[in-house]
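You will see two complexes here that share chain A, one where it goes with chain B and one where it goes with chain C.
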Partner chain A sequence: MTAARALRERPPGQGQPWPWLLPAVAVLALFYAIPVLDVVRLAFSDATLIAPATGLSLDAMRAILGDPALRKVLATTAIFVAVNVVALQLAGLSIALLIVRGERRGLKGMAAFRTLVLAAWVVPGIANGLIWGLLFDEAPYGTLNSLLGYAGLGPVAWLSDPRMALVSAVIANLWQGTAFSMIVFYAARRGIPPVLYEVAELDAAGPWRTFRSITLPLMRRAIAVNSVLVSVQTLNTFDSILALTGGGPGRATEVLALFTFNTVFYNLDLAGGAVLALLLFAAGMTLTLLIGWIGRDRGAS
Partner chain B sequence: MKTPILAALSAFATIAALPGTSHAQDLIGRNRVGLPDAPNTLTFRLTSYDLYSSDPSTKEAFERLFSEFISERPDWKIETQLQTGNIGQEQARLLQQTQAGRGPDCAMIDSSQLALFKETGVLRPMNAVFSEEDVADLFPFVRDAVTNEAGDVLAWWWFTDLRVLYRDTTLVPDAPQTWAEVEAAALAVAEEGREGILINGGRWEGTAFDWLANFWAQGGRLVDEDGAPIFAEGENREKFLAAIRYYEGLVDSGAAPARITSITDYDAFTAAAAASSAAMFVGGNWQYGQLRTTLPEDRFADWAVSELPGPTADQRATGTGGWSIAALSDDPEKAALCGEIAKEIYAGPGNAAQGLLPTSASIYTEYDAYDGPEFELFAEALENGVARPGAAIYPEISNQIQILLGNVLSGTQEPEEALDAAAAAVESAYARQ
Partner chain C sequence: MSAARWGDVASYALFALLAAFFLLPFAWLGSLAIRTPAEVYLGAARFVPEAPTLDNFGAVLSDRAFLTYLWNGLKLSACGGALALALAIPAAYACSRIPFRGQGAVLVGLLAVQMISPLVILVPLYRWMSTLDLLNLDLSVIAVYGAIGMPLAVWLLKVTFDAIPVELEEAAQIDGASRWMILGRIVLPLARSGLASAFVLTMVMNWSQFLVPFILLERDQDWPISVAIFNFAGSVSASTTQLLAAACLIAVLPAVLVFVALQRMIVTALISGAVKG
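Coming up: the complex of A and B.
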């Protein structure tokens, strides 16, 4: 009775966290840690899709890391992720600020505009690839090329030219991913106290100065979080590329996630796929730590 | 008041008594065929192109066939499991599940994967259903694929397909017989502002499979008897390079547009035919029916099919695909029921319902659906049919051919360099299998 009362009367911050954390830790261990450990085990095995592992070996690791195609795939992945992460932030931030400004001015249709942008986000990756495949179609009756033709431009080799195909894959990913960045930035921007903007207005600060001195610093944490999320999302992208180009022409648009998929389902190489999955995991973790470090809080000043 | 009620009741009774309407619907569910309380169950993993087809007439035909089948076997129900369109992934999953003892009793297996399933020993004989005459009636390449050395019937390849050359006869009146004739005819059309010939060149299985006909026509071989890759060795290497150069020449000369490296489905050809933007294309036999329903009658009359051209007129080949049905259950009763599904529903009536090419010569004469002149051409071309090799390394060979063609046709690599890279990648993958 006394103990129960003492427990009830324990001041905030001095409770036992474990009883509360245990269920979450158990779920994470069951559904995340165990599969990840199994992937590590497979990476050091000779398992294929048609035969189970017969023992431990470094063969898969050596074969995959020594594969000449891997360098090209990693380069493509680096370009795809870097361009997307920067562009997604810029596009998401621009749209979020546009919506907030529109709402402040009482413009009609802002909610509809927000919904419209969000609609792209709910489209599955495969459908996204198919939609853009139709738009980029290079046939004489292809949508985008026909529109360009009316303006006396083009045609553009959207998907058949290796360099342009990567640009097209970035455009398709941007169209779908911008909505997510927009939501994060919209929420962060709405969280900034309006009084700060009122003060800036009283001080006759211009829009750029207001953005640089108020909006950007107060959204830094949101930008860091969003950078991590979109980096990992983009790194794991393969479904929209699979539907759009299949990774081609050649290997022009084959990113690491798609290469992993192909290694498992074309080569039937489960161990090799596990090595690539670990590489993907390491790349995601490195990006997360790097962005976390760059966006770390450097003190109150 | 009584009269309308009686009329309604009698109308209801009449509708209920109609064969193949409400009864068929009772027996066919989203994941079941037969009565729910039937004591015996067979699990059947199938594709979505027949019983669950989005085409109402195909769906109706298969519902009727399945209803008749299960009505004759009231003690059985079939639990159906749908495969998605991602064939490679689905078939790999099916194989894994079967090896782990969690697979279905009966399943549709893509013909290109059949050898892999045979090799792993998961297929169970269906000898009780298929007689020696049934097997003898199969096309030779099908017979070899579905039987083992002991003569056991391990699967039933119930339809096949093949690749042919389609042409708009108003632009190309005579069927090209050789690669050179194709290029000349396509170039003549291209100079008038249309696309000369369309072929699959994007990153997908269709690209490798369609192109392989040019390699096979020269007698080229991808793998040896043990399933080891040999396509880049000796005479095969020269044949391989010749076939690559044929495609490269088509693009470089302008006979084929550069956009072919982005074509990853056959529908692009049907669309081009509908838009009258292309003179020729290498397509599947099933596209003949699609053209008939897509084009106006007078425009459809302009289109003709012919055998795929070869390096010379007497060197021909065409890739053959299709689906098989195989038993995966150790229970002989279930294996037999699986064979009966293949024999009574799919091979024959199922072929005719969809206009798919049967694998037995006798079915062509048995059904009116195969009376058209195009089927004579298809049957003739099937004599030169070549199935994909039954080796576990084939999917990776195909993958490398897709990469190689993409690189060569987009000008990123020379044929020799691309072939060397592909051969090294395949060798490395083979060493790991």
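Coming up: the complex of A and C.
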């Protein structure tokens, strides 16, 4: 009888969710919502890291937005993010499809290869920058330059030439970041019903035709969502660049996140840094809203 | 040879190329770490040194401070991972088992905050902690790690809980067990591998974290390894490259080994999360 009543009072799947959600919601408020509001407030103030705000002011915002360096930083950030988004996804997609094909054909070494790509993923960003710094070392005994020397090429000014430094930063990021896209695309590709490929085979469709007519259309949503995730991740990347080039030479590799970090923690310009942090936040959130929009698209079709 | 066989050959050729790219940094790091200073200057001419030496590891590890950095890194990332899990378990359980208005909003909110760079929230957090005298405390770093790791943990655990048949809980409910008892006695034991995956992933993320400890911990003896190697790199010259390589290898190896050992479990968890998400 009591058991029956217990069941009636609290049937499965019923109950108050809020006590359960309290810790998570409190953390969201304390560590995300309130800090973001505080960033907005600081952006309209004249606070520095050592002196509190004395009142509302637009001076900091005007100063930082008028800083000629910002234009350069934003251009670098746009290039860095755009190139990475394309390169990371092409690499991730190719590897995922190669692995799926290899698994289907029973090729050896697929698991080992996947492990290798994943191993690069868990290397700390700072270590990533330091390791690639050793590889890009421009001394005659540096890895890549001494290898190129054997082929009669180089030496390449990997880190001292402003354009090359950005390419080097992209290569280092590609090494570490490919694994994420690989996992997403591997999951999406495995989610496509095999029967579709059997039909394609019966129709004697070639590999390229099969890729264009089945794989690509059915992975479109995964590619769209992943583009956004990878853009935001790349936008927020800065520790590997800090360790690789420090943003140099000059400002050649100083992306928005690194510029924000330098403004707050080296120049101690809190108000200016808050404006930059707000830019970073707005860019990230705009991209995130894109995900929501893409996700809704699925419900409609 | 059939077209499929030719395809296999092409696949292997591509794999070889890609493997060379992904392997090179690890291989080179290993090669540098076992060289003498003289051999560092030989570059690629002698990939495996003539007289491999472990002296570099000895030199790095004999520094007491370095062991402290490793211990700090382990302590902070493990506690941070545990906190993220503790915060995530009730929320993930509610999202999986209790239908409520605003559930979608909570899940989307958790996804959205993951997009916020820790840099953005650290600007005000640093000031608050400085005012409240909370800088230089392990607990402050652990709290921030918990907050950063929680959203991912909720997503992974919700997917794990969803996969557990609800009938088991209904049976326990009829026997008069409370929800907390059901969670502790039935759901969590069944969710072992999901819990372990979430813990390891958040822990590896924390091990890589540079910004949070760099900003919140000012004293050198409190630093985790990620901050220490950055600082160490600033002090090396060409003649100590082999020491930097050894230090980097020591910093990278724990995370890579743990991840590789458990990757089957973790990748499965990530893939099911990716499919649902």
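The criterion applied here is as follows: the second predicted complex is superposed on the first by the 258 of 301 C-alpha atoms of A that agree within 3 Å, B and C clash if a C-alpha of one lies under 4 Å from a C-alpha of the other, contacts with A are read in each partner's own complex, and residues count from 1 in each chain.
By definition in this document, a residue touches a chain if its C-beta (ideal position, glycine included) is under 8 Å from a C-beta of that chain, and two chains touch if they have at least 3 such contacts.
Predicted model only: the values in this text are computed from it and were never measured.
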Partner chain in contact with A:266 - chain B first, chain C second, else both or neither: first
Touched partner set for A:140, first chain B, second chain C, both or neither: both
Most chain A residues touched (candidates chain B, chain C): C
Which of chain B and chain C A:82 touches, first, second, both or neither: neither
First, second, both or neither for A:122, with chain B first and chain C second: second
Which of chain B and chain C A:282 touches, first, second, both or neither: neither
First, second, both or neither for A:58, with chain B first and chain C second: neither
Partner chain in contact with A:101 - chain B first, chain C second, else both or neither: second
Which of chain B and chain C A:29 touches, first, second, both or neither: neither
Overlap of the chain B and chain C footprints on chain A, listed as residue numbers: 49, 137, 139-141, 264-265
In the complex, chain A residues that touch chain C: 2-3, 6-7, 10, 12-17, 19-25, 27-28, 30-32, 34-36, 38-39, 42, 49, 94-95, 98, 101-102, 105, 107, 109, 113-120, 122-127, 130-135, 137, 139-143, 145-147, 149-150, 175, 183-184, 186-188, 190-191, 207, 232, 235-236, 238-239, 242-243, 257, 260-261, 264-265, 270, 273-274, 277-278, 280-281, 284-285, 287-288, 291-292
Contacting residues of chain B [partner chain A, same complex]: 88-89, 92, 95-96, 99, 116, 119-120, 195, 201-204, 257-262, 264, 268, 271-272, 275, 277, 392, 395-396, 398-399, 402-404, 406-407, 409-410, 412-413, 421, 424-425, 428-429, 431-433
Touching residues (chain side chain A, partner chain B) in the complex: 46, 48-50, 59-60, 63, 67-69, 136-141, 157-162, 165, 245-252, 262, 264-269, 271-272
Complex contact set, residues of chain C against chain A: 4, 7-8, 11-12, 14-15, 18-19, 21-26, 28-29, 32, 40-45, 86-88, 90-91, 93-94, 97-100, 103, 106, 108-113, 115-117, 119-121, 123-127, 143-144, 146-148, 150, 154, 166, 169-170, 173-176, 179, 204, 207-211, 215, 226-227, 229-230, 233, 238, 241, 244-245, 248, 251-252, 255-256, 259-260, 263, 267, 270-271, 274-275
